[in-house]
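Heads up, there are several structures right after this.
Two complexes are shown next, each including chain A; its partner changes from chain B in the first to chain C in the second.
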Partner chain A sequence: MPTMNLTQTMVMGLIQVVAVLILIFVMVPLLTFAERKVIGYIQVRLGATRTAGGHVGITGALNRGMWAMGKVPMLSILRGLPVFVADILKLILKEDIIPAKAERSVFTLAPIISVLAAFGVFSAIAFYPGALFTFPARFPIVGGLPFMGFISDVNVGVLYILALSSVGVYGIVLGAWASNSKYPLLGGLRSAAQIISYEVPLTLSLLTPVLLAGSLNFKDLSVRLSTGADMHWLAIFPLFVGFFVYTTCGFAETNRTPFDLPEAETELVAGFHTEYSGMKFGFFYLAEYTNMIVVSCFASAFFLGGYYLLPFGLQRFIPASVPFLGQPSILFFFLKVFTILFAFLWVRATVPRYRYDQLMDVGWKYLLPLTLVNLFAAALIRFAF
Partner chain B sequence: MEHLLVTIGRDMFAIFGVLALCGGIFMVAAKSAVHSVLGFLFTMLCVAGCFLSLDAEFLGMAQILVYAGGIVVLFLFVVMLVELSKYKEKGVFQLQTRSAVVAVVIGAAVFIGVFRNLLFGVASSEALVLRPELAQGLNVAQQNAQAVSRGLFSDYLLPFEILSVILLVALVGAVVLAKRERV
Partner chain C sequence: MFKNEEMEINLGPQHPSTHGVLRVKLHLDGETVTKCTPIIGYLHRGVEKICENQTYFQGQVWTDRMDYVASISNNLGWAEGVEKLFGIEVPRRAKYIRTMLTEQNRLASHLLWLATHALDIGAMTVFLYAFREREYLLDLFEAFCGARLTTTAFRIGGLREDLPPGFIKSAQAFQDRFLPCIDEYEELLTENRIWKKRTVGVAKLNAEDCIALGVTGPVLRAAGVPYDIRKAFPNAAYAEMDFEIPTRPEADTYARYLVRLAEMRQSHRIIQQCIEGLPEGPVMAKIPKILRSEVNEVYHPIEAPKGELGYYFVGEKGGTMPYRMHVRAPSFVNLQALSKMTEGRLLADVIAAIGTLDVVLGEIDR
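Here is the complex of A and B:
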């Protein structure tokens, strides 16, 4: 990499940050759209899979024509799009209410903390281990500089991401407390207990790949795990168990079904964000979906092989000389991320919510011992071979 | 460039230190208990910033992970549940003031007694004193985490283990107290 002066470093940093922000702001709305459609198809919800615009104007004429032909108008991939657009417009345009008895400062601070913690995590996530492309020399400041697949190369990246996501819980707890209302408080308490409980197995399950590969740097760890460099083939078993535990805890950390007790709407109205409306609610929404993307990035980077094709260190059977399949690619990474995101939606559509005591049982009595045994097994493999 | 980074690092340490103190003062002075916890959280994050500006990124991240992510959340959890106004009326806090002052004075005396050499003596110029053959391993450590673990698990293993036993004692004590109340 050519050495950069201060201006170049800052401009490049800015460009990379903006690129990742654009990525987030494209992926999150698409994810909500996908969620409506996937759940619509699985649970036969008609609105999300059929809505296709009105009966007036040019599109209306098209729609009427297609209805007349006995077909559902518009391409099936675009059906439900009006609902999605209306959803986003509602979020942005809705009146922003702060309840009279709420603690104003903390009430405003809470969604900010949530979003900051969720977005900050991306500065250490590597979407690709090297340079994606190089700016042509004709660009004024950044000419000849590589556009890397990550914002910064933190050498304790995994810890950084875990630390920031553990700060995200304050958004929920403080928002719940500041609302000064019963249901949010109950939701917030549930959330605090749940996230603290599941953070233990989550962190321990991530220790398995860290132990096996011996690095805390996001891209180093991912590359070492997927190419299986100096890793015994037995390591695939602890990695597989680790993947299972990590995704389960990831579901709990992001408050997704079957662990969505903080916002169990049949019991708690809407949980911790009952009193929130408008874009403040939108921020919580944004943070939740961003966290889903983060969990997917983690799972795909550390367990599913990251930038390489095959998961769990199986990549060593494809020599690096094979043109496309043997090389790292950002496509493979996003393929895995989208697969896990789809699993998120799939589980939400099929698995019912846990009861509170069951939730705690699963966390403390099953997942925690399982991860400890798993970690011990990983240590044994590392020690013996 | 290099020069600028070095000065920024030094200045950042001072800035984060002052901010941490401000957070601490806010924590003591705040009327609402939740605001106190927020001040505490801010202080913890600033201390992590101090570590980061000293190139101790592992310690900084561990600070956020353990304190901000775990312990302060538990504080918040308790503070939200307990109605502190009830205790204010009973004057529990006022009763404790005298003994608290005594405890603080004793604590400060012990702290200065233990760390006098480290703070004002010759030892303050050396960050970590290891056996020479271990110090060599420390120098080749490429990552912060490696350096810390080599220090902890080689020369300082016994103090480290004793510390964890103390933590365990606190844990067991908490369980015993909670159980006794319920019966």
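Here is the complex of A and C:
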């Protein structure tokens, strides 16, 4: 990598931050659209179809094409795609109500904390371990510099991400408390208990790959785990258990079914965000979906092979000389991210919701001992073999 | 410095899972319910008083608006109660058609219960699966009487008209596809670990308490008491039908779920027998244009999907309207059990208990 002066560093940083923000702002609405559609199809209905784009744009062309082929365009999965634009517009344009008895400053601060914590995590996530492309020399300032697949290469990236993602719960708890209302208060209490309980097994389950690969750097860790450099073949087992525990805790951390107690709509109306409206609610929503993406990125990078095709050190059986399959690719990374995001939606459509005490049982009585045993097994494999 | 006090919270009347306008006043200690008081009356229209000011023919329309998800059962109770008051004998074909429609309506009601109960507990897909089948049943009702919900399906003395052409064929088509649908719901719920965790041992109400509180229907049968009006005091054509009364000994939410699902299979069986054994003949008895009663009183119970639905009529000499009409609404009586079921349990169990009692507020408030 060519050395950069201060201006170049700042401009490159800005470009990459904006690129990641754009990625988030594209993925989150697409994820909500995917949620409508995936759950719709699982539930023998069509999901959003009404906002079909009429006769213009991509969906318009698709619809016309289907009519031309003599088919009713009802089943076009892209029908209803403009709904996400409408969603965003609605959230932005809606009246922003602060309840009269709410604690105004905290009420406003809470969604900001949530969303900042969720976004901040992305600064240490690597979507690709190297340069994606190099800016041509004719560009001012950044000419000749590589565009990396990550914002910053923090050597304790995993620690940073874990620390920052636990800050998000403050947003929920403060927002719930500041609403000065009963249902949000209950939701906030549930959320505090839940996220703190699941933080422990989540962190411990992430220690398994950290221990096995011996790195805290996001991309190094991911690369070592998939290529299996100096990893014993037995490491597959603790990694597999770790993956199971991590995804379970990930569902709990992001308040998704079957752990969606803080916002259980049939019990607590809307849980912690009952009193929120407009873009403040939108921020909570954005934070939840961003967290889903974060969890998926983590699971993808550490347990499913990240930038390589095969996980758990199996990649070493495909020599690097094989084109595409043997090489790291951003496509593999996102393929796995989308698979896990799909699982989020799938689970939501399938299972009921836990009760508060049962949720605590699952966290403390099953997941925590399981991760501790697993961590011990990982340590044994690392140092005994 | 710190106070430790119970929180009083109003669950409803506008709440996603109180099935209408039920308001439950809860005292919460953390998430534990210490006191639970159902407050009703938001939907009160004075149906009983209105019916005392209308002729026996007109009154039936109001029964649709009581338990609006099982209006045909309500119609049956009214029609048979009035027929008992005047000693009218209904033709056999009409009895069969009434039985068939009532059972189809029981299916529709149980499907709605399954849908909302599962949704309350968080399983949202079952909701739409159950509504898919219920739609088909509502189409059948629409074909029969022109209305999907407020049916006013029967007339005193029989039926206004015979079945429309093609009705039996559509009903049979539903019969053929319905059993696999029940299996589909069971696949999603019966062995689902989370579903079992949320329902097994939750909102228990044993047989003694059920009887002391007057609770009837699937809740009583799930406590092991095989009391079903269709067997105990057969009305319509139930005496000629071959069916069983499913019971469970556990008396919890899960047992009620299993009992209701088994009841759906039994209803399916009864409908099949009605379709196959449907006799020929008239559907309307000869009755006078104006019914004038003697001094007389009648209590007529039927097995509605929610439990024992009773109609009580008092006739006055020469009157064309009931002197007094009273409805023993199963939801109203069953709702009494809510406090007993939920006190000392968690907030989420209140939601499960409301769902498992299968209350309809139109019937409670009348």
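Following the convention adopted for this analysis, the second predicted complex is superposed on the first by the 351 of 385 C-alpha atoms of A that agree within 3 Å, B and C clash if a C-alpha of one lies under 4 Å from a C-alpha of the other, contacts with A are read in each partner's own complex, and residues count from 1 in each chain.
Definition applied: a contact is a pair of C-beta atoms (placed from the backbone, for glycine too) under 8 Å apart; a residue touches a chain by one contact, two chains touch by 3 or more.
Just so you know, these numbers come straight off a predicted model, no measurement behind them.
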Which superposed partner A:Val142 touches (first chain B, second chain C, both, neither): neither
Partner chain in contact with A:Ala192 - chain B first, chain C second, else both or neither: first
Touching partner for A:Thr350 - first (chain B), second (chain C), both, neither: second
Contacts of A:Gln43 with chain B and chain C, given as first, second, both or neither: second
On chain A, positions contacted by chain B and by chain C: 185, 189
For the chain A and chain B complex, residues of the former touching the latter: 5-6, 103, 106, 109, 154-156, 159-160, 162-164, 166-167, 169-170, 173-174, 177, 185, 188-189, 192-193, 195-196, 199, 203, 215-216
Residue ranges of chain A touching chain C (in the complex, touch as defined): 39, 42-45, 182-183, 185-186, 189-190, 257-258, 260, 264-267, 269, 348-358
Touch list for chain C against partner chain A, complex: 7, 9, 15-17, 28, 30-31, 118-125, 127-129, 132, 188-189, 192, 194-195, 197-198, 346-349, 351
Parts of chain B lying in touch with chain A, wherever the complex brings them together: 1, 4, 32, 34-35, 38, 41, 45, 48, 57-58, 61-62, 64-65, 68-70, 73-74, 76-77, 80-81, 143-145
